[in-house]
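Multiple structures are listed underneath, in structure tokens.
Both of the next two complexes hold subunit A, though its partner changes from subunit B to subunit C.
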Partner chain A sequence: MNIQKPGLTLYGLFIVMAFLAAAALLFGVAVSSILVFLLIYAALAYSINFITGMIGYVDFGHVLFMAIGSYALATLVSYYGANPLLGVGAGAVLGLVFALGIGLVILRFRGVYFAIATVVLVLAAYNIVLQFPQLGTGGEIIFNLTLQPLTPYFTIWTIVLIEIALTYYVNRSRIGFGIRAIKSEEDAASSVGVSPQRLKLIGYMLGGLFGGAAGGVYSWSTSGVTAGPAFDFTFSLLMLAMIIIGGVGTSIGPLLGAVVVYIPSYFLLTSVAQAQPLIIGLLVIIMALFLPDGIVGLLRRSNERLRLVLE
Partner chain B sequence: MVAVELIVRDLAFGLMLGCVFSVVAHGLNIIWGVVKVVNIAHGEFIMLGAYGAYFLNLFAGITPLESAPVNAVIGLLVGYAFYYAFLHRELRNKQTITLQSEMVTLAATFGLSLFISNLAIILFTGNPVGVNYNPGTLQFGYLHVPLAALYVAIVSILIIAGTWLFLEKTFIGSTIRAYSQDVTATELVGANPATVASLATALGFAVTMAGGALLTVWVPVGINPLMGALYAPISFVIVVLGGPGKMWGSLVGGLTLGVLIDLVQAFATAQIAYAAAFLILIPVLVFRPGGILK
Partner chain C sequence: MPLLQARNVSKNFGGVQALKDVSLDLPESAVLGLIGPNGSGKSTLLNIIAGVEKPTSGLVTLDSKRIDNLRTNRVVRYGLAKTHQIPKPFSNMTARENVAVAVLYGRRNIHSPTPALEEADRILSMVRMGSRKDAPADSLTVQEKKRLELARAIATGASILLLDEVFAGLSPEELKDSIQLFKKLHDELRFSALVVEHVMRAVLSLSQKVMVLEEGRVIATGSPDEIVHDEKVIQAYLGSKNPAA
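Coming up: the complex of A and B.
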């Protein structure tokens, strides 16, 4: 199998990541508290990219793994006084385990049936969490930590870095070829010796792992978790919007999408901010109908040199 | 005796709620069954239908039952426009829909749902509104049945029966059924696939928006821009339960769900009831992927 040497995209992404690390170290709390959410968005976008981007199964319920990670960290930190880093690890492991269990069942459904199954799972999980008094009234856990903004920042920074490397590797490896074969034609793929069930499960579990980890860092940064926002479809939808806008399945698209979705919401005034989801919706429609590869596809099409470089 | 009375009452209300659930999901069923596309923005069109009934009540003073046909006419136009804006590019010249096209339509209608619900928040504000419609109650022994809910249940069944008759007994209906079975063959016998598909989509939207009007009877103070986020998943579950493309499937799925929610609610909490209603989809998909109807 011909696997090429790492290209410019990977080096470019590493430079961006190095820049993000330097910005936090140089400017400290003020900058890192803004950028930490950008990185959380990016981590979530990369995590759903393993599922929707690579396998091509639209996942409306990815927020489930984020919520699992959030609750794992919040429970460990507020009830057992554990180190938040341990909470992030627990969130990642739980995300992986849940993805394995859920994936074994719902990855058997194709296309729209999978999409619908992911929707109902989140709604069911939300209603079930509200049943547990241990998770606080209204599923709310709030904790106090001495503020060390750089620790969560570099945790999520590391997660995103691993995700970028892994996305890049999977896209070019044997697994990636198999996964792309599933995306184009699942039956044909299985007839040439690709095992769709196994590869889909790998993608789904990667999504669950990183979704859980990102969710852990999210509740760490917001010092708490509430069932309403934790299972809010808004996050699921934003994750999906980010990769559709950035470019599904690519290594650079999720980061681009996170920038497009997150940065305006931070800088716009509240009155204008109301119009932001409206614009995201419009962008998603346009991208889905006319630019299936998002911004990455647009850049590739506009310039011959970019076409060769961007992945 | 109290327990029995309770169960009878929950069953009656569950059946009536199920009827309105059915009609709300029925529009999705028609589009899914014929065009093989799932409209993720389905809930947003239910919401628009509900607001249609609210504004017609506010400005023209008509009841939700009377605004349903008005909504249906608007729905026809909206559905027709929707087909050409969102589905035509993916469906034309295709015998069956590919996974790729399926993803495109899912993503595009998902964008539409974000767009419409957020536009609705700006236009209508987030405050819930309601339609006041109360024609009295009917009494069967200890059972008090609000007439509004009963009328809505009857109209819902009539709408489903009407679409079934239309698809079974009329020429256009036969053409639509032919399209749902074999696009190329339909084209070979002289029907324009785009016309047939757009008609079916328009019909689906008409039923959806009329259903939104009927739903206002059950949510007297709960019409809000985000209500679609609940009714879209409920519609998905109903259509899967009944089997996409089976006209009576909507009613079977809707009644199952309505009774399930009301009965579970009688013994456990509302949360457990809704969790059960959503989770029932998974075993159905695993064991009876074509729906519970044969």
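Coming up: the complex of A and C.
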């Protein structure tokens, strides 16, 4: 494999993205209002992939960055009448800044200690938000926008496109070699010159940046934010489920996982809403037991050609 | 002027003193053997030099620059690399990718993966693992994993190698092979090496000088020949000839 020329995986992903853009343009509101949430899920999956998927640090608190983005947009739009696009940008920047500050501290923990720290962070953030009357009673901000559904749709579409390209690039570059080394043996990585602290922080900051951006589009699409749902632990678990089901660390896995998790949840929502976490949970357990590399791993093992092509 | 120097290095773990006032000099291209019974502080000394642990007191310098306050990955940039006693391959990669990481992050100024992988192939051939380059690292044998450790250390471009028991656990045939390989590599690359080893045959045939540690103290330094005849060394390893004394 010549790793400097882009391969089929990237072209394939671009074709899927082109299809998603065409679908929204052709069928308008009806389709885009469904697909916008699929793309938000995908954006969240790619964002957690930078830290948990690539570096292997299990982040149970990734919903924090989504919430930060949601509040950034809601605050700007509802109190300052700002353009929602500016809100998405602010969400991304705040996500990045918070990831930098938090990451400098909690990335010193490893394994289960890191995972616990991420859970604690979300609990703390939730209670902090409730203390600010500026962020609404009970952390609730609702706003009314003349809805032009294609604008948030193409905003999140662009975010996912950037995430795909960046994931693909990182995996193939020098930084990807360092990150995989950290995932496997952090101490051995530093003994050949890799700086785990720096690379982990880069991954965590990318996760914060895109998590914040996706959170902004989420509150844009739902016309508001409420503290309870915004910090819902289920979101973190869904993000983890998506990359585990799709294939951790890969460029194609998060999108596959988003489709698998989102499509059934969309249909189940109307019939058996409570069954959704149960079904996804079972799926994750089955995956963890039998297919640790997710759908991507399954496809790679099934066919020699796919093994070389799928990234 | 010696290349690597340790001066009066001491290390306490809680109440236990693992190293007491240890000093050493490692001149350019020299091979210094470091031996001693279990728990005598050999690995601790190596870890301190490599930046894995900080000394309680004393200092380590490389070309007169202090390195004992640097992290491991910074020490690598100064040209010093350590292998692991228990091999730690990156098991999610092939052998050549393992070595490529070291090429990319060492001090070689190769920053893009394609040339790094080519360089990795060259180094793997040098350590006679050319035929195993595409093998997943976790499928390698113990001997191959030890060679991979050596290949990674060399791949960083290090001028000083700290080798922690790279000859342990090998069959007599493999041991002979590895000693011969080490000599060849040393002739070609002219690195200096600090070799921690339990296998006497390996240390004595590789080192120009041997240092013996016992309970964290240096009890003897000399040529391999002097060391095997040193009374204190024999006593440390085999116990006193006369228990009453």
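Please note the rule applied: the second predicted complex is superposed on the first by the 304 of 311 C-alpha atoms of A that agree within 3 Å, B and C clash if a C-alpha of one lies under 4 Å from a C-alpha of the other, contacts with A are read in each partner's own complex, and residues count from 1 in each chain.
Keep this in mind: contacts are C-beta pairs under 8 Å (C-beta built on N, C-alpha and C of every residue); 3 or more make two chains touch, one makes a residue touch a chain.
Being a predicted model, the structure only gives us computed values, none of them experimental.
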* Asked: When the two structures are overlaid on chain A, which partner does A:N127 contact: first (subunit B), second (subunit C), both, or neither?
  -> first
* To do: Would you sort A:L283 into first (subunit B), second (subunit C), both or neither based on which partner it touches?
  => first
* Asked: Which holds for A:F177: it touches subunit B only (first), subunit C only (second), both, or neither?
  -> second
* Asked: First (subunit B), second (subunit C), both or neither: which does A:R301 touch?
  -> neither
* Decide which partner touches more residues of subunit A, taking subunit B and subunit C as the two options. => B
* Asked: Which holds for A:F233: it touches subunit B only (first), subunit C only (second), both, or neither?
  -> first
* Identify the overlap between the subunit B-contacting and the subunit C-contacting residues of subunit A. => 183-185
* subunit A residues touching subunit C - in the complex, by the definition given at the top -> 2-4, 172-174, 177-178, 180-181, 183-185, 187-196
* Structure fact -> Per the touch rule above, subunit A residues touching subunit B in the complex are 56, 58, 60, 105-106, 108-113, 115-117, 119-121, 123-125, 127-128, 130-131, 183-186, 233, 237, 240-241, 244, 274-275, 277-278, 280-289, 292
* **Interface residues, subunit B side, partner subunit A - complex** => 32, 38, 40, 86, 89, 99-100, 102-104, 106-108, 110-116, 118-119, 121-122, 229, 232-233, 236-237, 240, 269, 271-272, 274-276, 278-279, 281-282, 285-286, 289
* Asked: For subunit C, which residues count as touching subunit A in their complex?
  -> 50, 52, 71-73, 76-77, 81-82, 84, 88-93, 97, 100-102, 104-107, 111-114, 116-117, 152-153, 155-156
